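Chain IDs A, B and C follow the sequence of writing; residue 1 opens each chain.
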Amino acid sequence: MSFSLGELATRFGCDLDGDPETVVDRVATLSNAGPQSLSFLSNPKLSEQLSSTKAAAVLIRPDTSADCAAARLLTDDPYAMYARIAQLLHPLPVPVPGAHSSAVIDETATVAASAQIGPNAVIGERSIIGENVIVGPGTVVGSDCRIDDDCRLIANVTLVRSVSIGKRCILHPGSVIGADGFGNAMGPDGWIKIPQVGGVTMGDDCEIGANTTIDCGAIEDTVLENDVRLDNLVMIAHNTRVGAHTAMACNTTIAGSVTIGKRCLFAGKVGTVGHIRICDDVFFAGRATVTKDITEPGEYASTFPAEKAGDWNRRVAQLRRIGKLSERVKRLEKQGK
Amino acid sequence: MSFSLGELATRFGCDLDGDPETVVDRVATLSNAGPQSLSFLSNPKLSEQLSSTKAAAVLIRPDTSADCAAARLLTDDPYAMYARIAQLLHPLPVPVPGAHSSAVIDETATVAASAQIGPNAVIGERSIIGENVIVGPGTVVGSDCRIDDDCRLIANVTLVRSVSIGKRCILHPGSVIGADGFGNAMGPDGWIKIPQVGGVTMGDDCEIGANTTIDCGAIEDTVLENDVRLDNLVMIAHNTRVGAHTAMACNTTIAGSVTIGKRCLFAGKVGTVGHIRICDDVFFAGRATVTKDITEPGEYASTFPAEKAGDWNRRVAQLRRIGKLSERVKRLEKQGK
Amino acid sequence: MSFSLGELATRFGCDLDGDPETVVDRVATLSNAGPQSLSFLSNPKLSEQLSSTKAAAVLIRPDTSADCAAARLLTDDPYAMYARIAQLLHPLPVPVPGAHSSAVIDETATVAASAQIGPNAVIGERSIIGENVIVGPGTVVGSDCRIDDDCRLIANVTLVRSVSIGKRCILHPGSVIGADGFGNAMGPDGWIKIPQVGGVTMGDDCEIGANTTIDCGAIEDTVLENDVRLDNLVMIAHNTRVGAHTAMACNTTIAGSVTIGKRCLFAGKVGTVGHIRICDDVFFAGRATVTKDITEPGEYASTFPAEKAGDWNRRVAQLRRIGKLSERVKRLEKQGK
């Protein structure tokens, strides 16, 4: 899609410093932009690229003083504005209504006429597919699922059963929603599987990364509220509830029966124990290990940064000597008396 | 399925404190139970919910004195008993014998007449599918595999080749069994792939979580003994052997050629190096890093719990100052002489 | 395939200590070898097995003095030589040209006549499949992809769109290449998705493990140079560049916009923050947390090894007392003056 800078300025309420007739049709980085590209400056480290960029226009804060070779679209939040204009320039593919001949749709399923069901997709008993939904190739939707309007299951997604998904959700390939939670009781002869009879309820505007798994509840549903964003290889265990607008980066894993507040941010590889509560507006640094309730908003962490192995091995040895060091200090204190 | 409390008491050997004619047909949590629900009290924190529960009956230890609004089924291990009765009330789906018309079954494969082969499943050369097995939609069973009776491959599972699975195993979606182990030798021009010619042998009653991977052996088989339970996003590398009744929670990863004993428990995100031995009855706390043989049963750990980022950053700085602190103490000791 | 020891010695330039007429047709471990097996000694711990092995021949360093029951093929690097001979004895399956009748190939796609397209595979619009490529069962190749000659996509692989793969790459089941990067800007009403318009470019001779994910770039491509080897459950985020011959073990996760040099080795569960540069020839120990640029080759680490939980809990308490210990030392120093 192509738009003139004048149109963009009007539509998004930006001041324009440049020719309103100039047309852009794609986004680009400052360093590799061409004459029909829109770029943005969000990271100040890149401001030196402004003077040499070949972009047609750059989204930029009004108070940025650096010399800029392109037209400037002024906005207080260049990154969010970039997101909105990029969606306009690069719209999502429009669903092509109808089911591919190789798709297998159970006769008790209900599929909206506007939905697109891809090659080799499978739709199970009593499941309901809403308007403009795309069920991509190789995707399996089990029984008793509901996918609301405008969702996109990209390819090879699996919804096991009893999964309910709100509007405009995006599920990336390999994501598995509604598999059995990990519930086992030890009996005299070995493990006894606890039947997992709950489902999964997901709100509107959620995005689920590639190979991420969200297990069904043991008895009631596992819940994602609206606008939850999960990266790849994330795990949400049974009975957990994730609050609205919470985002989790790659490989974060949440154990069972955890309740997470709204607008929390989990950096990569965070892990939690089960049965805890995390309040709203908490930020966890990468690889944080969350072992108890968090009742105060703010930033939490528990990881040492990597250093040269020799230095690090010295730290490990030092930590192991603290006990002795403490005894030596005690001895000195006694001598001093 | 529905049962009277009298039937359940007799069948499972529980004492009943309540009306034997009352019927239950589902499980429920104490707080959300309805009049035909069975619930249980295992976590003492929830005992205050006993007085207000609307459940028909509650599985409970005989020595629990709290006031209970429901009939009581008495048992020393309410969680294990709950598992057994829940399996009765919520039985697994019965296989519907036969292969879906869209399934692709190699002419050299052998499929029991009682097995169910789902839409778009693929069964490879010389593979053998036992009685009452369910091969779910989108599942690929490669060549030379053997799946014993009563197994369930839920959907989009992949068995690459030469995978042998015992009776009653459950494989959740996205699990990959028998992919090549990660074997590479550095040669003068780059990596040389080591052919991975072993297979995978899995015992009876194993359960494999969503998107979990178990690699084939480099020469001989990777082995899971009976009743191994793996959660989601777990990795078992080539040549590893996992002892009977061992369970691993989400995202635990075991490197190659590790031998793990029986009845071990791995909490989430545990990782091991390769070529080590772990004895029976070891418990690893979450995110433990196992770097050498474990020869004594018991609990092992190596992770710091998350705290406020300011406090944590102080710890990091303090650890880095131990060396200097130690020198200062040495100086004091010399002065004291 | 079977070869005489004489043939192998000539072809690979090894000295032979044994009968050149002896034939081998498979590889085996020293302990389980049979009379037609070739084995190798790379790990000195296993040298005591040499005297009792039933192997026909053993690849071994010339300076190994241990008594050996088998013929000896002498080489300075037995492991690399084993890799090369094992590839000869156990060659990869040869593609069977043609597409299975259940495969769905878009009419705008171009598939080489020598390529094998498996059951229920899907090839999207404008994608190009090279000579001798195997696209395994259940694999989805989206639109605008290019798979160069001799690649193998084993089964249930997903290439989302705009993925370009060099020659001789191997992609294991469940791997997802080209899914959207995790890009979100927070707006006044919640997250705004950043369109991810780049693709993925992969060089020759790469191997991608089971359930590993490589996201497409936000604007330009995510790049793997030649001969990159990734184990299972690895994550490469958007815009990242991985240098040639770099290898990453299981569950390593690289955040976005990271530039990694050549010949780096990542042990298991390493994680990095985004927007950093790592120079050539860096080795990261298992579970290292990489938080800033690495400009010097060598080994880096940041993990404590697991120990008995009681001992470990004492370390955690000790670390928390360092601040007080430091104050006590300061007090002693003042007293000493």
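Heads up, the rule we're going with is that contacts are C-beta pairs under 8 Å (C-beta built on N, C-alpha and C of every residue); 3 or more make two chains touch, one makes a residue touch a chain.
Given the structure is predicted, the values throughout are model-derived calculations rather than measurements.
> So if I look at the partners of subunit A and the partners of subunit B, which chains show up in both lists?
Touching subunit A as well as subunit B, we find C.
> Can you check whether subunit B and subunit C touch via the same residue numbers (shared by over half) or via different ones?
Looking at both copies, the contact residues mostly diverge.
> Where the centres are mean C-alpha positions, what is the separation of subunit B from subunit C, in Å?
Chain centroid spacing, subunit B to subunit C, equals 25 Å.
> Note the residues in subunit B that touch 2 or more other chains, in rising order.
Each of 102, 120, 138, 156, 174, 211, 233, 251, 269, 303-305, 319, 322, 325, 329, 332 in subunit B touches at least two other chains.
> Write out the stretch or stretches of subunit C touching subunit A in their complex.
Per the stated touch rule, the residues are 102, 104, 120, 122, 138, 140, 142, 156, 158, 160, 174, 176, 179-180, 182-187, 190-195, 197, 211, 213, 215, 219-220, 233, 235, 237, 251, 253, 255, 269, 271, 273, 284-285, 288-292, 296, 298-305, 314-315, 318-319, 321-322, 325, 328-329, 332, 335.
> So in the complex, which bits of subunit C are touching subunit B?
Residues 26-29, 32, 77, 79-80, 82-84, 86-87, 89-90, 100, 102, 118-120, 136-138, 154-156, 170, 172-174, 205, 207, 209-211, 226-227, 229, 231-233, 244-245, 247, 249-251, 267-269, 286-287, 303-310, 312-313, 316, 319-320, 322-323, 325-326, 329, 332-333, 336.
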